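Okay, so chain A shows up in both of these, paired with chain B first and chain C after.
Now for the complex of A and B:
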């Protein structure tokens, strides 16, 4: 038997999807950082987290990744795309690039993706759930209502998020996310 | 049939069901190449003579390492740490859990520690923190409710923090689940009622919450049918072995269903009431189930309406107009609670303020509701609930469930109308 007749088959690479998801993770990571300074609910969620909180959201098996955590001053910060060398306390993995595309093109809401077992969570589930709530709020700020309504279970009523809060927050989050 | 765009299902438990099922234990232990099992149970099970039945069925040839019978009503991580130490000292090689949810979850916790090492269970809390096969493990449920013999999760309390910690991994599934009606024959009527309602909640939530899929639906459907046909009968006729076996099977199927579809707000609220006020899980499930159905009605009325078929039978289903079926389901669940309340001489509570402790004192004071609502918001099951549930929403449900009044549906904040499966 000639073993060379049986070459190793390597998985194909979908660069466009990978680049798109990497950009989305960068935007979301930066937006979480900005929202943690602007939105009181996001602030409150992160306030409950321990000082060493460090979350990595990854697309299995090879990335891209997004790392968000608390810095020395206790402020929530986007820590970049590389989890190497960081002490990750919560890992949220999306099981495949196809599933990540479903989520980041808003064809499937974060909660539906959870319900469909597209995510795995390594770490404290309470924290994972809080991150899902933060993602929902960030989506409300980042995206137009018509798209966000597809991504969240219930779009916030005026009593929960006034248009003033939403629009002022949206502008500040966009400015902060894309500038500093 | 609703077919989600994607789902996963896993249940690799060998189920042995029958009137003499316990007699299979020696052969099962041999097939797993183990010789010295540790039995984990509680004093109630021992007192009811059930360990005696198990030991007799196992025969004289099986050497039992130790019988640990100090499991409290609520499995607690310190108890798990203690039992794991005893397992190691006695040189055991496998586990047999005999009991209800608490004993089973304790045994799952012990199996984590004795298989993976370490002395503190807290290090393994969360999802997917257990990544390898654990020691051989048999579960013999003595209630027909938790379905823990089919679930990949364990809920273990941390009384220091007043929370219930979730441990989730496919490796928590036992190798074998044994359903023998002798194990539930002596279960008092009020415990039969509350554990049966727990199983009904598992099946219903598995059927209408976001994780539903056709395989778990089939289990949930038959579980609802089995419970509806046998629960009240088993409460009124505890010695009816056929009804007992049917309930055991229904609870197991409900367990398989919700282990894969997960539950929603009913469990979220129930975990929190259990954590804050130490109320038995089944009581909470019975009370919150109709509220969970009401709260999510605008999101999945059709799905809830389908439950009428297994719950009430084909004749009622066919004679009820489609639009009225969901309301009928809620009505029947409330009626079931009322029937069980009557059949148990009032020991089966219908709302939170009716729950009393052993001294007859109210176990859930109204002042505890804000703490319960706050804990609920952090519960992992809420992700799977069709409608969003915030602190205010939880308070709305809790206040009604405390008083025993139907939910004021005008106050429910409604999201996107239908669930996209």
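Now for the complex of A and C:
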């Protein structure tokens, strides 16, 4: 048999998806940093994390990545896209770029993606679930209701998050995320 | 609730089912420390565009496909297995992915034995030499006309079968991009095979809660989705539900003693070169009628699985056995015009029935008497009721 009739096939690249997900991770990372200073629930979630908390969210196998952790002063900070040289205490991996696109184009909520085993967590699972709750809150601030409803498990009621809190928080988070 | 008998049950395959399931394959391969699978498939699937979709699922992964061996047709032969094994070795592959159904998976399993055992003599394992260790990682991606047999621990090459627990696939991926069928006939045959296996497992005289659970779920899915699947073979959600039913039925079948319908259908297929599914369609109603005729116990669970809790609760206990059989017959009646209904239609020579009954009885380890096998065969041949 002539094996040249059956060529090897290298995996293709999807640069558009990669760039889109990288931008989304940057926005979400910056927004988590801003929300941790603005929203009391996000503050409370992070307050319970240890001082050396450092989380890396990655798309397997080659990235992009998002690193968020506590700095020396205990403040939550977006630490960039490169986990190299950082002491990561919690790794959350999305199994494939296609799964990441499902999540970041809001076709599948973060909680559903967790339930569908699209994530793997290396570290304290309690912290992993807290991060999912934080992501839900951040999405409520960042996105219009019609899209957020697709991305979160349950959109907060007025009693849980008043429109005033939502809009004031949204403006501050957007300003902080994109300025300093 | 009954006390379970002694039983053993093995389901080795991890099953991933649903949207974007194929995109999880690179991650799963990493778990096996594998990065270069050989893909075994058929030319028909390559030409239909399904292989293009399959390859697309590996985008942005670290996996290199060692080759797409797409020479399989509707028959798994040793020549194909040797060619694919040669390609596997030349390319330095470390795992196998079978995309397709029966013959593709059989060739992949045969390749796996050849490369893992480092041999060219496949048939020594069919003649008594046991497989003693885990083979290379084997992933199965059923496409179109799957019958669920891909999930079993059996390989059939050149009409010879081998069963070993090392032949279960390690991973089965049910992706809605691959499962829609091309024709009604294809769905008809697949559902009949699953139905025969699930009914056979549900009515087995061994009481195993595992077998019952798998058979129950298989029958429930078939009861709910078979009719729609036959009307719209390309319907994505229905085809995925049916493929789940095929998998469940095959796993129940793999762990239960083979039923009479399966044994007779396989022997008939060997004798005539007609697919076993067609014979299962013909034999299943006669086997059930034979059981009723001999006043054998037909578990109420059959009716429960096919009808659901409400109808089950509304039916008097004494009528449930019969109602279960009627449900099976009603579902099979939905296949009218798609599959032959008597063996006369298939031009099976009547003089062969005796030998077939004898062979099936022997293969069952005498669980089914030759006389019973022959009675069912003769009624099915003539289309005569009990």
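As a convention for this text, the second predicted complex is superposed on the first by the 171 of 180 C-alpha atoms of A that agree within 3 Å, B and C clash if a C-alpha of one lies under 4 Å from a C-alpha of the other, contacts with A are read in each partner's own complex, and residues count from 1 in each chain.
Basically, a contact is a pair of C-beta atoms (placed from the backbone, for glycine too) under 8 Å apart; a residue touches a chain by one contact, two chains touch by 3 or more.
Since this is a predicted model, take the numbers as computed values, not measurements.
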item: Touched partner set for A:3, first chain B, second chain C, both or neither; value: second
item: Partner chain(s) touched by A:42 [first = chain B, second = chain C, both, neither]; value: neither
item: Chain B versus chain C as contact partner of A:99, first or second or both or neither; value: both
item: Which of chain B and chain C A:13 touches, first, second, both or neither; value: second
item: Touched partner set for A:60, first chain B, second chain C, both or neither; value: second
item: Chain B versus chain C as contact partner of A:177, first or second or both or neither; value: neither
item: Touched partner set for A:116, first chain B, second chain C, both or neither; value: both
item: Residues on chain A lying within both footprints (that of chain B and that of chain C); value: 99, 102, 116-118
item: Complex interface listing, chain A residues touching chain B; value: 99, 102, 108-109, 111-112, 114-118, 120-126, 128-130, 132, 149-150, 152-155, 157, 160
item: List of chain B residues in touch with chain A within their complex; value: 4-8, 125-129, 166, 168, 209-211, 262, 378-380, 382-384, 386-388, 390, 413-416, 420
item: Chain C-touching residues of chain A, taken from the complex the two chains share; value: 1, 3, 6-14, 17-18, 60-62, 95-99, 102, 116-118
item: Footprint of chain A on chain C - complex, ascending; value: 18-20, 23-24, 26-27, 30, 55-70, 83, 86-87, 90-91
